[in-house]
């Protein structure tokens, strides 16, 4: 009997092989994400370097003409950057107030049954493919706006911006709502017990406590807007120019990349390399924004 | 004895759950300490939260019956909840300072209710902190975050915050249960001092606390108010068997 | 007086907040109605079973539909295993060290990389580097990389939601670490992981830009038969139609979009239902 017990305590080979092997396999899975990042950086880097052998970084960053596909060729990225930021800015002006107001309503005012219905609807909105929003921008928003602004072109920054805004509203509202929900209930109770109204609790207690999370949601949404491709490709136009009139056609970085790839630029040419240079620019900007958002969001977890 | 609150046929429900059953209190004494005791889940917190209508915030909760303060039924349509809560301060089980400075925590209530002058706020902050016996400990760090002081100090800060709006009644829901014995004693002593100005109702799990710190005691069981009497009488000569079993530790 | 103003302020802002929320939902409604109106003249069974054609009245989405199904069909199992695997590693096996917090940070930032950048990656690595060409496999691999962060984050949350006591109970019964994870933790996390999977799949179905980058933007008049065949997908077919000047094509795009939206909304409802059903009892 003693012996039997002793035997049971020896290691079961199969059991311990799995226990040894699985963590290593799983680790490989996790490494795929590192591989992806390395792949992105390495991929962009190679061709970008080739590009900058022909165009100086200075000309690229400060040039005000972007005409890589037609003579006289010029490689100043500013028009694309400005186009991108114009659309993004319009999107944010439209989406931030709506997103944050919806979040406050959902987290501080809405009865449960309203929340149960509204949140899935916002998720549907979040899941609308961007090509669909592009369609909506081109065939609905622009014609409607043209009734108001008669100088508005078929392709314009305004409609694209509004639809990019529609795209980021659910993101802002759900992330901000999460941040506000993370504020402990006892803080709200403390304020209510002093006779604060709901609005005062929301703006003086919950909003400040959730502020870093809310700002992080703004930054993430901003970054998402910058990287958005299909809406702007379909509805903002393909005319890279420095033009702050939102009724005019512009071109964003992403739309330019699509234009080159769907055209006939051959591999190895400088036209082709511009895709990588612009892609690198896009990647760096969004990457930095994401890091900023993560750092800001990390702060609010440490409080209370 | 002056009376602060009269309660008449009070029933509270959460959805279908009957949490308080026909509570009747002819006269809850003013400027005195009333302790509420009873086993966990018997409805003490619920009772306390109906007095300042904090239970309005719980979805699915329902109240009928009357709670009469200064001759007014607080569940009357005309009553303004915010004004009511200004009149009735509350201190919670867990200290819950706002993520603001000590000063701003105290000033929060007065600011809500319209005090804007700096000198006036300074005065309120100082006097509230003095009343809460906290002034000497924090007077040099009023601009510090309220989280940076000890749990016992935070709880006294919350008391100061509650009295800063000059309430008539102070509700304390197990306000000392998260604190160490020394902080607990401090808060009990504080309550003794405050009772000359405020009507204090405190929920406690600690029967010794009820016995030594209160003037009147109510004993709740399964949503019923079994007995309401002077503390002395309730502990020395309980009128109900169930009270007796509870205070002698036979259940609960 | 003062209190009256404060209550009025509260009411007014509540109204404004509701208004904002209504705008968001109204937009969705207008969008859906507009698509339905545009789609109705073209919608038919033949539309689903026909190839695209230069004659709008005969054109359909069949090859694009099949292309989408293939891409999703290849992507889903790969992304599921890698994504869940990574999540299990990060939640259950990773030690707190620099490499692992870097992986964690890296996943969060990858989730924010624009999809078109994944397209550039796919183009360079799969289409050119591995010489898969503008093929199904290039598309599916690119999409896998794109949705991985979504799946990993969702799976991590699902695993984290399983109470600690569950693990300790299994360990105390003599289970190995791996047995604990496989038998005590994962079963409870499956609904959460599936929800994340469904959301990832809907994201992939609607993605256009990365596949344009790898060269799926072509006129495809045949069905892909092997992994290395070229293909197109639904959103790209719509993009193609939207870009043409004639209204007939725009109606075709709307019809296709309507079908796509119906699929996506059903997936979404399934995800919500799954989440509600299992959220309560972890």
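Each chain gets a letter, A, B and C, in the order it is written, and its residues are counted from 1.
Throughout what follows, contacts are C-beta pairs under 8 Å (C-beta built on N, C-alpha and C of every residue); 3 or more make two chains touch, one makes a residue touch a chain.
Predicted model, so just to flag it, every value in this text is computed and none were measured.
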| item | value |
| --- | --- |
| Overall pattern in which the protein chains touch one another (line/ring/star/complete/other) | complete |
| Comparison of B-C and A-C (more C-beta pairs in contact) | A-C |
| Chain whose Cα mean lies nearest the overall Cα mean | A |
| Of all other chains, the one whose Cα centre sits farthest from chain A | B |
| Separation of chain A from chain B, taking each centre as the mean of its C-alpha atoms, in whole Å | 48 |
| Whole-Å gap separating chain A and chain C, where each centre is the average of the chain's CA atoms | 15 |
| Whole-Å gap separating chain B and chain C, where each centre is the average of the chain's CA atoms | 52 |
| Multi-partner residues of chain C (at least 2 other chains) | 6-7 |
| Residues of chain A engaged with two or more neighbouring chains | 197, 200 |
| Residues of chain B touching at least two other chains | 82-83, 112-113 |
| Footprint of chain A on chain B - complex, ascending | 52, 54, 57, 59, 81-86, 89-90, 92, 94, 96-100, 108-109, 112-113, 147, 158, 161-162, 165 |
| Chain A residues touching chain B - in the complex, by the definition given at the top | 111-112, 184, 186-187, 189-197, 200, 204-205, 208-209, 303-304 |
| Interface residues, chain B side, partner chain C - complex | 80, 82-83, 112-114 |
| Touching residues (chain side chain A, partner chain C) in the complex | 15-16, 18-19, 22-23, 25-34, 36-37, 39-40, 43-44, 46-47, 97-99, 101-102, 104-106, 109, 118, 120-125, 127-136, 138-140, 166, 169-170, 173, 197-200, 220, 223-224, 226-230, 233-234, 254, 257-258, 261-262, 267, 275-276, 279, 282-283, 286-287, 289-291, 293-294 |
| Contact set on chain C toward chain A in their complex | 6-7, 9-10, 13-14, 16-21, 23-25, 27-28, 30-31, 34-35, 38, 81-86, 88-90, 93-94, 102-103, 105-110, 112-121, 123-125, 128, 145, 148-149, 152, 176-179, 181-182, 199, 202-203, 205-209, 212-213, 215, 217, 235, 238-239, 242-243, 250, 253-254, 257, 260-261, 264-265, 267-269, 271-272 |
